[in-house]
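Paired with chain B in one complex and with chain C in the other, chain A is shared by the two complexes that follow.
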Partner chain A sequence: MARTLWRALMIVAASLLVGLGVNAFRADLAPSGQPRRLPLVTPPKADLAAGEIVAMTEAEQLWNEGVAFFLDSRTSADYQAGHIAHAHSLPDEDFASRYGDVEPLLTRDAEIIVYCDGVECDLSHRLLEKLRALGYPRVRVLVNGWSEWRKAGLPTATGAQP
Partner chain B sequence: MAGSFLAGLIVFGVAQAGAAPLLKFDNVVYDFGKTQGISTVTGTFTFQNDGDAELQIRKPAPTCGCTVAAVKPETLAPGAKGELVFSLNVGSSRGVVQKHIAVPSNDPVNPTLQLTIRVDVVQMYEITPQFFALGDLTPGTTTNVTVTVKRMDGKPLQLVNATASSEFVHTKIAEVEGSSGHASTVNIEFVAGGELRRFNEQINLLVEGQTTPISAVNVQGRIVGELAVTPERLVWGIGSLDRIPAARLETMLTRSVRITASKPGESLQLKNPVSTLKDLNVELVTLETGKTYMVVAKLSNAPKESEQGIITIDTNLPSQPQLQVPVSINVIQRR
Partner chain C sequence: MTRLLSFVLRLLLGGAFVFAATLKIFDPASFANDIAHYRLVPHLWINFIAITLPWVELTAGLALIFGFWRRASALVLLALTVVFLIAISQAIARGLDIRCGCFGTIGAGQIGWRNLAIDGALMAMAAWLVWREKNERLGGACEKDGSIVAP
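Now for the complex of A and B:
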């Protein structure tokens, strides 16, 4: 009886060793047994030139210094739900009716940073094109701005006001 | 007997060691093809757990704020099926719109699976341009602009009305020659009448048999009178002064307003720039005598709290002896 029990214990131990051994050599599992964090699938690059993109660090610096106008190109509802603190709302969808709200604040040489949400969001790209066509050459896009800003823990605001 | 037991346990052990969930979607691309007259598309991706361990799906991550996605259920036993429901707001996009959703799970082989949504948006009507920025206009001037409206589905356009939002806008519709009734132009005439103001007029386009406009065209600008002020309001963000290089500090603490005479032949004279804000010093700089001036506003100290005030400047114009520029200083603080 004791011998049978001993054998059973040995079998269980052997099974555990086999299992741990297999896991140790599986490339798709991290040592903890959890899936390794593989890089996310790279989304297609937005059709923006280098000079049309502002890096997060520079955007943060300009925001800190208060020398750039941040324009949120998402819908009014998204803006009200949350936006970069002090950013003004200029939804690309309602550009024709809303441009007049921000125009009195701008000069043609104003530094303007536009953003939306998501690496594939093109609202800010379209807003950039419209503003440049209107004679604002210093417009740049903060790609995936809303998500990146929040991820960085930078100040945000809610409601209809900047 | 003991041998069978041993073999069974080893098989069991090996099977447990190799057990893994496997996320398999029936399709990873959802192609709506051509769509017309809609701003949002919705759809469902179906999937199942083809593995032999429990599958856990984490929150799907769309690559665009225009996409919303949710999975149900988030945990699937081997063989179980689930759905990922999404909606994509294409808004006023035209042409092929392609967005992605990343689906993270505990599938060890493919821990992040990418789904693709594709839609070819065909607008029923093409209106170019939809927006006109007329800039600064002097009272009494008339400006004409033209919009072209095309129906894109091969049917006649039948544009019957272009209704303006004010008495200062007049419209005239004409069919485009050779378009077989598929395209028309709308001539928009704006007369800079009434008070000095910023205007944003809307012209609604109506087609035969419909009571709601197919779209609208906006005409925007301002009537400036004898002088133009740019910007009309100073909205000024003041951030942390720590670690700011001296050259940039100057930029942070200084703003300027350009004032230009807009009436030909009139000599503009400005004097006595004054600010109602204690630490805001204002200086008048002549760029072109009688024509263009710059008011340079400089903060001697960065304010601790946000504040609002007014810069006033005296002019020689009987119609506007004093002009005012509102100032909003927003102190930007990290929380």
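Now for the complex of A and C:
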């Protein structure tokens, strides 16, 4: 049994070395502009800073004026089931593969509002961190966005990307 | 007969892990996100796990398929399935609306009993192989009557 354990540890150790080795040499992990290799995910912060939150009233106003870009950070299925009208889908969990879809639509100084659903939901928070890291300073979170938007009776849509 | 069963289980178990590992190796960023959503490990560890764990799965899976250090590789996979069992259980218990991430982005539905059942089946296979594969050998093995059986 001791020999088996020893061999099992050797398998794990060899795998770790190979994994880290391969990772050090691959350059395909990120879409344009995203930092390569580490970190793959951004740590969540406990709370959003005041400047990182957009109030519902302001979000509504920006939406009416058509000057803000709304991003839905929930899953594609959630997005298709219903989302804020004119919002684009950028699921946090598929960020690496989906960022390329919205990148051409964004300018660096664009007013971006990200949302998910539920007060506890931190998907939009994670998305904010990623977008800020990519050089979009004017990203803000609409906390509990989907619920609040529906509660306010504002326009929604269903289906795939607009 | 048990040799044949061992052989089949090694192919099934090893194959499942090699398949899962390959998907994750090609898309570590998605896997890192999936791990993060489990809310189980500190953030400092997530990238490390996302980068290395699939390689442990791949190495142990390949070793098992090719009959190299069978018992040890089955033991590694058994340990992994136990860890996965804990992770999936706590996600279900806490009602986390996340996807398993077990096989990359395949089967991206919400995590649930199905994932637990698959993991349980893999765990049973691994446990049986650890128990059975006492004689580890490179290459083929001979039955008592001298006939050569598949490695």
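Everything below uses one rule, namely that the second predicted complex is superposed on the first by the 116 of 162 C-alpha atoms of A that agree within 3 Å, B and C clash if a C-alpha of one lies under 4 Å from a C-alpha of the other, contacts with A are read in each partner's own complex, and residues count from 1 in each chain.
Please note the rule applied: a contact is a pair of C-beta atoms (placed from the backbone, for glycine too) under 8 Å apart; a residue touches a chain by one contact, two chains touch by 3 or more.
Not measured: the values here are computed from a predicted model.
Shared-chain residue A:Ala96: touches chain B and chain C both.
In the superposition on chain A, A:Leu105 makes contact with chain B only, not with chain C. When the two complexes are overlaid on their common chain A, residue A:Tyr136 makes contact with neither chain B nor chain C. Of the two partners chain B and chain C, more chain A residues are in touch with B. Comparing the two complexes, residues 4, 7-8, 11-12, 14-16, 18-20, 22-23, 29, 38, 40-41, 43-44, 92-93, 95-97 of chain A contact chain B in one case and chain C in the other. For chain A in complex with chain B, the residues that touch the partner chain are 4, 7-8, 11-12, 14-16, 18-23, 26, 28-29, 34-38, 40-41, 43-44, 63-67, 69, 74, 78, 85-86, 92-93, 95-97, 99-100, 103-107, 116-123, 130, 134, 146-147, 154-155, 162. Those residues of chain A that touch chain C in the shared complex are 4-8, 10-12, 14-16, 18-20, 22-23, 29-30, 38-41, 43-44, 75, 92-97, 126.
Listed in rising order, the residues of chain B touching chain A in the complex are 2, 5-6, 9-10, 12-14, 16-18, 61-67, 91-93, 98-100, 102, 106-109, 111-112, 114, 130-131, 133, 198, 200, 202, 216-218, 220, 230-233, 235-240, 244, 248, 251-252, 258, 330, 332-335. The touching residues of chain C, counted against chain A in their complex, run 25, 27-30, 32-37, 43, 46-47, 50-56, 58-60, 63, 69, 71-73, 75-76, 79, 99, 105, 108, 130, 136.
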